[in-house]
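Both complexes shown next keep chain A, but they swap its partner, so chain B is in the first and chain C is in the second.
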Partner chain A sequence: MAISFGFTISQTRVVNMDNCDFGKLHQLERITPSFKKCMNCGACTATCSAQQFVSFNIRKVKSLYTMGQLGGLDKELAKCMLCGKCTLVCPRGLNLRPIIMNMRKLLTTK
Partner chain B sequence: MSQYFSPFVLPFCAAVLVLLGICIWKYVRWYKHFDRLQKAIFLKNLISWKFIPALWEAFREGILHVRISRKNLVLGYMHRSIALGWFLLIVVGAIESHMAPTESHPFWMGIFFRYFVHDTPSPGISMFFANLMDFLLLYVLSGITLAYLKKVYSRIVGMKKVTKHVIFDQFAKFSLWAIFPLRLLSESLSANLYHNGGFLTQSVGDLFSSSFASTFELLSWTCYSFSLAIFFVALPFSRYMHIFTEIVLIFFRHLGLKERTAKTGFTMYELSACSRCGICIDNCPLNKQLAIPNVQSVYFLRDLRYKRVKPEIADNCLLCARCSSDCPVNIDLMSIRQQARHKQELDTQHNYQYLDNIQPFNAIGRVGYFAGCMSHLTPAIPEAMVAIFEAAGQKYWYMDEDKTICCGRPLMQQGYLNQAGELRRKNIEMIKKSKIQFLITSCPICYQSFKKEYKLPVPVIHHTEYIAGLLQSGKIKVRKDDLKTVYHDPCELGRGCNIYKEPRQILKKTTQLVKAKSEKEDSLCCGYNLGNTLINNEQQKKIRDAAFKNLMHKKPDVIATACPMCKKAFKHSMDFPIRDIAEIVKDNLIKK
Partner chain C sequence: MNKRYWNEYQKAIADDHYFYERSCIRQTFFPGSETTFLKIMKEELQKDIRDEANQHTCTGIGYHSDIVPIETTLTIVARLYSLMTEAGYTHYVPSCVTSFGIFTEMTEMWLNNPDLLEQTRENLRKATGREFELPQNIAHPSDIIYKFREELKTKMKHQLVNRFTGKPLRVVEHIGCHYAKIFPEKGIGKAEFPHVLAGMIESWGGEVIDYPERRHCCGFGFRHYLLQENRGYSIANSKKKFESMEPYEPDFIVTNCPGCSMFMDKWQYVIAEMDNKTYDKEGYGIPVLTYEEMAGLLLGYDPWQLGLQLHQVQSEILMNKIGIKFNPDEKFRGANGKILPTPDKPHFLKQ
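The block that comes next holds the complex of A and B.
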């Protein structure tokens, strides 16, 4: 029986970390070193304005980006309205807006 | 003609022609780069009465420097003495040379008058002019002396930091500073030989021996001509282009031209109108609290003009508009900063198609209330607003009660114009279809966006304006408590939208309002402004702490503000009561 909780479980995913390309991750960490401080709590995702309308999970994007799974992330990031609520709620004091902007930039530029 | 010609006038004459040629060429080229709307406005208003106030302002700002004088009297005196003094030297010089009974009056006569004309039939008039010209020269020299002193000790003109100029500007500056001492020397040497000087040049001239004077007279006049020539040729490429451009810009502004979202020829006029005076440096929070030395408007405009601006300079600005309110030329610094951030190919379209199926609400006869993204992080503000609506018996539609579409200003500030436009279109559609009477917003960021970037069919007001109106019309009644409250002016509401009066009116009726150390146009940014993406949280806190210290001047019990962002900033790891004006009003409501 299908009960709707308003959210679903992410699909299981196997990532072989030996074959990942971490180039973009290192680039991002160079531009915005605070990226490393993230502890994946998901406060940003919970407060996100875009997430109220469409499935957009910035925490998931972050995790995928960290693991080098970059396919489709630029399209995902384009959903962000850059309102800055995530930055204000981040318990680690990360400045998320430049991280999102830079991630998108790095993903678009070859 | 030959009588009033000497080869040393050639550099001066050539330089004047070069200067005029380059200026006209540049101005025409920039005009060609106006966008279609700007050209239409320009041509429509070209022949109108608007020229008269423009002329007055051009005289006041280009010659008298009234706005600079308001910042600091000595600084104002320095600029005025050089501008007004030099202007009068040219005008009076021209009159003097035309009144001289010579058979021809070439245009360099006024500049090199005392070298060519030695005795006139009416000594009374020539003595009058000699003394007047000497007085004007002394006036200019007093300004130049202050400029030298400013270089050694800038606090003499009320500036902590002065602009670090590029080599070329230094070069132009020293040629300017050389002109008037050389003029004094040349006229004095001529006065020594021909006794045609006024009170200053004659007494200086008499210090020299006549053999010295006759040896160096020609050399001195040649140096004077060369210093003028170097300055004139350097002028269009250096910061001194502001001398003419500021005046042209004043006329353009009076004709109704302003900055657009993208860079146009008008921006080039604004960039060249910056005199790089450096007044924007001292009060910039990034300079004052964080000691970041190279991002202030003066450096940003310079880099943009010479086409070498880097993203880390353009992006490193809070957009708090403190520099805009300080700028004596009134350059639209915030718009230019946002233009330079344009993200080009990253600014894509159709990103927010997920908003398409959101249906507007039929709200005929109600007012719209838009809390804004940030107000959802400070739920006390919308709660208080709802309570106030109910107390006033106002029917309302809470537009973004559970889902917020961003107003688009944060995207706009970072240069995503298309994306911002997409959000804007959706919001406009929602507002139009809902048929609300007017729109109230709690967030100054949204407010500025609705007011300036949207073209809405209904009026937009900030909640402080709304509450002030309710209090005035007696729709709600409040009691006055005895807490000492200080008001923190949010940048976007104060300098952005010029709302200073209403919040203070409300606070005076509800509580004991005390003053902050600097407020209104001079208020300090809380640092959490969305404009900057490069400073980190620690740096934001430093800026916030400075703003907090400024507010604590009269030891208040409560800080009041009218921006959810500022409220959040003062809440962040701090333990001091901070409340929005709406909350204060709600708590002091007298129930009917």
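The block that comes next holds the complex of A and C.
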């Protein structure tokens, strides 16, 4: 009988940065240059309202977007309720709402 | 002038008169290790080492989890140094690798910033009325065992040799990140060629396994483990190491850090329960020892006094390979002389 520990083992991931497409990242950085200031601390994820109800990790979305791993990100970003709590706690003072909105827009355009 | 690069990889370790600082978590998870270190120092090496009763935490786990501010950590470290100063010692020996990193970091900050040192002196004076001096030498206990490894070898009753095959035991050594990755020059062999555990294994007859993820973190990472939501990431790091070492068929793992010992031992149980997977052939897991336990076993100490029965992965198969005699009936006899209740067995991991 398997025991539930309240967590599962994360799958390891290897990303070859030579093969990544950074086009969407560069577009986002042009529209919202403050995106570069993120230091991946995860305070946004820790305080996220949506994350209380569904599986949603804004820090993970940011990391995947930065590495050009864009598959499925549009569905993930649709979970954000744009409440703005992440903006209140960001130690770098980022306004995450326009960043998320622009990410959504860029992911749905070719 | 020719530069002698190897000099940079050496470390000064005091010869005698040590002030020992105990670890918070080692006394819970490996209760025999610190007692064994003190026994080795006093009885085998005849060294003077002070085991101070009035000591306390170094704040390491709280500090690295951003719960304890640095000013508090500085003052707490200053109080521990004041105990050393009061006892008349100058060689500081913190049992835990996290503490070793904390003491090294705080001392470096004071040496580079005299104003900060004066501010901490003032804080300690206001809070406790105590004074302190900086230690002349900070060494981790594994440094000291490494320094005297050849002397200890002459007293050992066993070697790291498989008595059935006559071949050296194959050992994975894992060094805590805070031993030499924060201040490389404070570790033997720096961060690139750490030799503190490899030196013990080679001197005592074993063979060190050089596997691809040898220098990868054990997965503790403080905040990665402390939040349940992040534990999947913590255990994934340990799993990565186990998968990397599995083809080399290690007989056991030895570590010098309390977090590494704990996680490499306990996560084997969790992975076995979650994925029905062990990293040895027979399904018993790979035993994880502290360097004191390894030294104690070879010196002929009772394995149950060393506390090996408190590990998740049990060590009977390893002890049989080395030729260590033990009494299974005494395994769970408590300090009060009574036999304690036997713990439940895991579902998948054999014991």
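For this structure, a couple of remarks:
Keep this in mind: the second predicted complex is superposed on the first by the 100 of 110 C-alpha atoms of A that agree within 3 Å, B and C clash if a C-alpha of one lies under 4 Å from a C-alpha of the other, contacts with A are read in each partner's own complex, and residues count from 1 in each chain.
Operating definition for what follows: a residue touches a chain if its C-beta (ideal position, glycine included) is under 8 Å from a C-beta of that chain, and two chains touch if they have at least 3 such contacts.
Everything quoted here is computed from the prediction, not taken from an experiment.
Using the contact criterion defined above for the overlaid structures, shared-chain residue A:82 touches chain B, although it does not reach chain C. By the touch criterion defined above, A:24 lies against neither chain B nor chain C after alignment on the C-alpha atoms of chain A. When both complexes are overlaid on chain A, the residue A:60 reaches neither chain B nor chain C. When the two complexes are overlaid on their common chain A, residue A:12 makes contact with chain C while staying clear of chain B.
Touched residues of chain A were counted for both chain B and chain C, and B has more of them. When both complexes are overlaid on chain A, the residue A:108 reaches chain B alone and has no touch with chain C. Of the two partner chains placed by the overlay, only chain C lies in contact with A:3; chain B stays clear of it. Within the complex, the chain A residues that touch chain B are 34, 47, 49-50, 52-54, 78-79, 81-85, 88-89, 93-95, 97-98, 101, 104-105, 108.
The part of chain B that touches chain A in the complex is made up of residues 345-346, 348, 351-352, 354-355, 358, 373-374, 376-377, 402-406, 408, 410-411, 414, 416, 423, 528, 530, 533-538, 565, 568. For chain A in complex with chain C, the residues that touch the partner chain are 1-3, 5-12. Against chain A, the residues of chain C that register as touching in their complex are 228-229, 231-233, 235-236, 239-240, 270-271, 273-275, 347.
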